[in-house]
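After the structure tokens below, expect a handful of questions from me.
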């Protein structure tokens, strides 16, 4: 019975690169990893948006309408539905003049209980310390 | 020359715009370049808006990123669609540059 | 009405450079212009047939087919394609494959050229 | 001796990210470590068979085959591959194709993980 | 009898991206374009390295030895052999502390008569003005 | 944590290195990141060399770009090969970051 903790750190804006989306879809895959593990073993995924990466969190993204593509917003909501820990750096939101009302915070329409946590960078640094491996996107 | 430049990134890795001195310059913000039209850092508009140029931003790329509504776009930038871009390329400028 | 030659090099399924090139082609043709589209480098990825249309990934087979039916001229760089393992028998019907000189040849009588390089 | 899991996402024939991943894999195996290599996104390009080895383009089929013969474990993201039109019958022999959870499963007992994302 | 002039402007360093190499191989393709043209018609290619792009010109690149890849250096030499006009921005070389002895200047071993021209940015701007179309890499 | 970061670009588009404060930091310059070890702009070394970190640069990537010879590499940067990188990852650091 052991747990391996992965931290997914998203530092760039989306769409021009596939990376922010792949970060989320890979983090979501932590929910189906047990087929590769022994009973009781776990791999967990925490997600943090920092730097220009916080621009991925702006809500009302119309990617499906314009590019026939699931939006990064919808992937964040799916992460919440699957109870992943999603952190957004408060200092970076402040820098861009973004408040909680501008970003994806929850996903009640998906039936998600979890909410996005807007936290100071210090808490994200603590999360990173706590992980076994880090993946930067 | 009359040059229309496309900026598709928020963080630029080239300084070519600083060098080009066409008689007429248009800058079309597309893809992640649209953040230059909308996003202030510490209250300051993007320095990319400081050139002596006509600025345009593509509506679809704003919407895709959750940046719709004229109120979020800087006053010096005109919101356009792909048809407008075609007309700009053919009627207003003679050369293009995707930076 | 004029001729627009577009080259798209550094793009890939997953960025939106190829989407951009296709949307611009559509808009130009809508206005009566003739469009040549050259894909080279990773842009050749768009020339592969039978791409599975997932909602998580850019997909251009359908709009490309519609535009080709209306006269879009699209050619992929043969060497760039072969080096990636994209072969003739795997190529979307209607997409031509030539050497790089095709792009330069297309530029000869183009009224405007948009080269989408970048990263 | 330990286990190194490498993920390579944003790379492509033409950049050197996949070359880097393969060189690092070789060096780690040389020192007796076990290596798992996950390719996703455009990194799946390396999983296609019959890439023509031109001197102008990165080519990794030969070193990959040599490393696989020595025990390199390489898996490509199935959805990323299919969305690009890279199908099972086109896949380099020995390269496996699974869902993204394979990468996370490999990380479970990895001593070190290097995730090559970036652009 | 007409000539279309293309300017290839290389603004980024090589290898991490395929673009600088593709700029040169496409410029070189101007030598075989006549199969698409009428007798007497021409497409010409001028090449300019500016900004970080001048780093592509540093000589003694060991790409073949390390990556089994033709070097950008060899593509520059091939361009000279084919009598293409290759300009390198002097101000950018100066900024990087590079002199003519650090960069590819000629290709006598290829039998090339042409040489790379180190010129001020003003001359590159003049070349760009003179072209029908520009391609930035 | 003991973190080893890989820098593969000359022009960076992220400022993540400014934020990370591991107890031990290693920076491995690879691909176009090697220019940080060799290239001065207007006589000044790259600001990437200003962190409190152990610096490494990959020999093969220097050579590929015509940057061989120890004399061109900044004194605070150690030239290494891929085998050395493996040992750094396994023996000197516990986490990695490709930026």
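A, B, C, D, E and F label the chains in the order they appear, each numbered from 1.
Note that in this section contacts are C-beta pairs under 8 Å (C-beta built on N, C-alpha and C of every residue); 3 or more make two chains touch, one makes a residue touch a chain.
Please read all numbers here as calculations on a predicted model, not as lab measurements.
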Chains touching both chain A and chain B: C, F
Angle of rotation relating chain B to chain F [CA atoms, steps of 5 degrees]: 180
Pair exhibiting more inter-chain C-beta contacts, A-F or D-F: D-F
Interface sides of chain C and chain D: same vs different residues, half threshold: same
Averaged-CA centre spacing for the pair chain F and chain E, given as whole angstrom: 29
Separation of mean Cα positions, chain C and chain A [Å, integer]: 33
Whole-Å gap separating chain C and chain F, where each centre is the average of the chain's CA atoms: 38
Overlap residues in chain D, where contacts from two or more other chains coincide: 12-17, 41-42, 56-57, 59, 80, 112-113, 115, 117-119
Residues within chain A bordering two or more other chains: 12, 15-18, 25, 52, 67, 133-134, 136
Residues of chain F whose C-beta touches two or more other chains: 8-9, 11, 13-14, 31, 60-61, 96, 98-99
Pairs of chains found to touch, sorted by chain label: A-B, A-C, A-D, A-F, B-C, B-E, B-F, C-D, C-E, D-E, D-F, E-F
Sites on chain A touched by chain D in the complex: 2, 4, 6, 12, 17-19, 22-23, 25-26, 28-30, 32-33, 35-37, 41, 43, 45, 132-137
Chain A - residues contacting chain C, complex: 15-18, 21, 25, 64, 67-70
Residue numbers on chain B that touch chain E, as the complex places them: 1, 3, 13-16, 19-21, 95-99
Touching residues on chain A, where the partner in the complex is chain B: 13-16, 52, 55, 58-63, 65-67, 71, 73, 95-97
Interface residues, chain D side, partner chain F - complex: 2, 4, 15-17, 20, 23-24, 26-28, 30-31, 33, 111-119
